[in-house]
Amino acid sequence: MSPDQIKAFIAEHDTFARHLDIELLELRQGFARARMPLDARHVNALKIAHGGAIFALADLAFAAASNSHGTVAVAVNVSITYHTAGTGPHLEAEAREIHRNFKLGSYEVRITDAEGQLVATFNGLVYRKKDAVPVGG
Amino acid sequence: MSPDQIKAFIAEHDTFARHLDIELLELRQGFARARMPLDARHVNALKIAHGGAIFALADLAFAAASNSHGTVAVAVNVSITYHTAGTGPHLEAEAREIHRNFKLGSYEVRITDAEGQLVATFNGLVYRKKDAVPVGG
Amino acid sequence: MSPDQIKAFIAEHDTFARHLDIELLELRQGFARARMPLDARHVNALKIAHGGAIFALADLAFAAASNSHGTVAVAVNVSITYHTAGTGPHLEAEAREIHRNFKLGSYEVRITDAEGQLVATFNGLVYRKKDAVPVGG
Amino acid sequence: MSPDQIKAFIAEHDTFARHLDIELLELRQGFARARMPLDARHVNALKIAHGGAIFALADLAFAAASNSHGTVAVAVNVSITYHTAGTGPHLEAEAREIHRNFKLGSYEVRITDAEGQLVATFNGLVYRKKDAVPVGG
């Protein structure tokens, strides 16, 4: 299957991401880009982008990039570091594959605000199954 | 201010957590417990608890525990490891303070399902500001 | 093979740990304890326990605990948080298994000084191979 | 003080790194490069580069880069992911500053073998003190 089919599958079935209005903008093999608006649904009690919302945005890009090869990849570990408060109309996340072998894959995600400022960095590790992503499911 | 005031403040102002129906059940100094139901809002394209939703639940417990001393604590780094697929009616997270000095604090969060099975572990680090949590704000 | 055979194998063949004078004190299934003296070999330019030496001590306990079941376990990710400066005559590390399935294992290591103060916490993830630990090698 | 003075200070006083024969090759503001030979001192019981030795190499580059601005930076958290077995005559680590504010700094370190293959990635966070690095000490 193609990255476009996987992109459509995620857009349709990832109801958590949809509940947060996170949109997968781009998907190629080993690369994904996603965007999230910043409104009342995405802020914390201090009125800045919620750490959990920043994570959710990065996580969608990570999931898309790691499943882009057509087989199911399951997250096993993520480390996220927050650099600056996320503000402005939206945030974007870009996920890139750093390394991949037959069982594990490693991805780096950068989260930036609308002015290109680095809000957070996210490093994720997946376990790669043999099952195909069930795009026709 | 008391942990109860901080608990009420978070419950009222953390609109991200509320959007995901995450409830802060308990808050004491250095300890917090939260719960999240598992429905369409919290699953991924494979229909199991979304890594981002599990993180969001743990993050609320982490934020509550780290702000429980009455001064603002800001997350700087989190590492999360996923052990088993989260299923069942709801998940719970318990956050405990491991160490704290005047500038930094370290917290461990365990996420379990309704049968007590360990779904994920989360380790978070905060930078502690001098500002009081704005409970009267 | 038994944990005792694995303990003897590590003590003989882990020349890195031996170069740092790290001793494996105890090994049971899913649990290990190790000790390291603190002298010129283990300090940084500021004369406190080197982050790399603290890691090395924890890593030996992690490796021993994760290989204690008799099959080879390879580290894939570790997150370490430093809480207080390590001082005194020696440091100890205790590694405990948090979760294990047929392919992955997760371990938590606490590093303490001679007075029992928590110096660092270390969380490690292994990929579990099918090969037996080559104790007879 | 200059990065060259800090480089000389680390080379003289970091006795842990010296014990492992780790050499700081290059230091500029926010960037450092280090090298470590691979011999019996740096391998594990399976005769490949020890996770602890790989960490130690990366850690020296991280410490140098984060102290390159002339004030003391103390490691608070590190996450390391191992991609491939480290083999060959030596390994190199390059540390780059990702973000820095008045209290915290974040660094990314890539560890490669002599053929340029990516062995591990390391993300480190420091707490920045006001004290000058004691180069004249």
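So that you can tell them apart, the chains are marked A, B, C and D in the order they are listed, and the count of residues begins at 1 in each.
We adopt the following convention: a residue touches a chain if its C-beta (ideal position, glycine included) is under 8 Å from a C-beta of that chain, and two chains touch if they have at least 3 such contacts.
As the structure is a computational prediction, the values presented were derived from the model and not from experiment.
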Of A-C and A-D, whichever chain pair has more C-beta contact pairs: A-D
Per Cα centroids, the chain farthest from chain D: B
Mean-CA-position distance for chain D and chain C (Å): 21
Computed distance of Cα centres, chain C from chain A, in Å: 33
Distance between the centres, which are taken as Cα means, of chain D and chain A, whole angstrom: 29
Residues of chain D engaged with two or more neighbouring chains: 76-77, 79, 81, 125
Of all residues in chain A, those that touch chain B in their complex: 9-10, 12-17, 19-20, 40-47, 50-53, 55-56, 59-60, 63, 72, 74-82, 134
Residue ranges of chain D in contact with chain B within the complex: 76-77, 79, 103-104, 125, 127
Chain C-facing residues of chain B, complex: 79, 81, 83-84, 98-99, 101, 106, 108, 118, 121, 123, 125
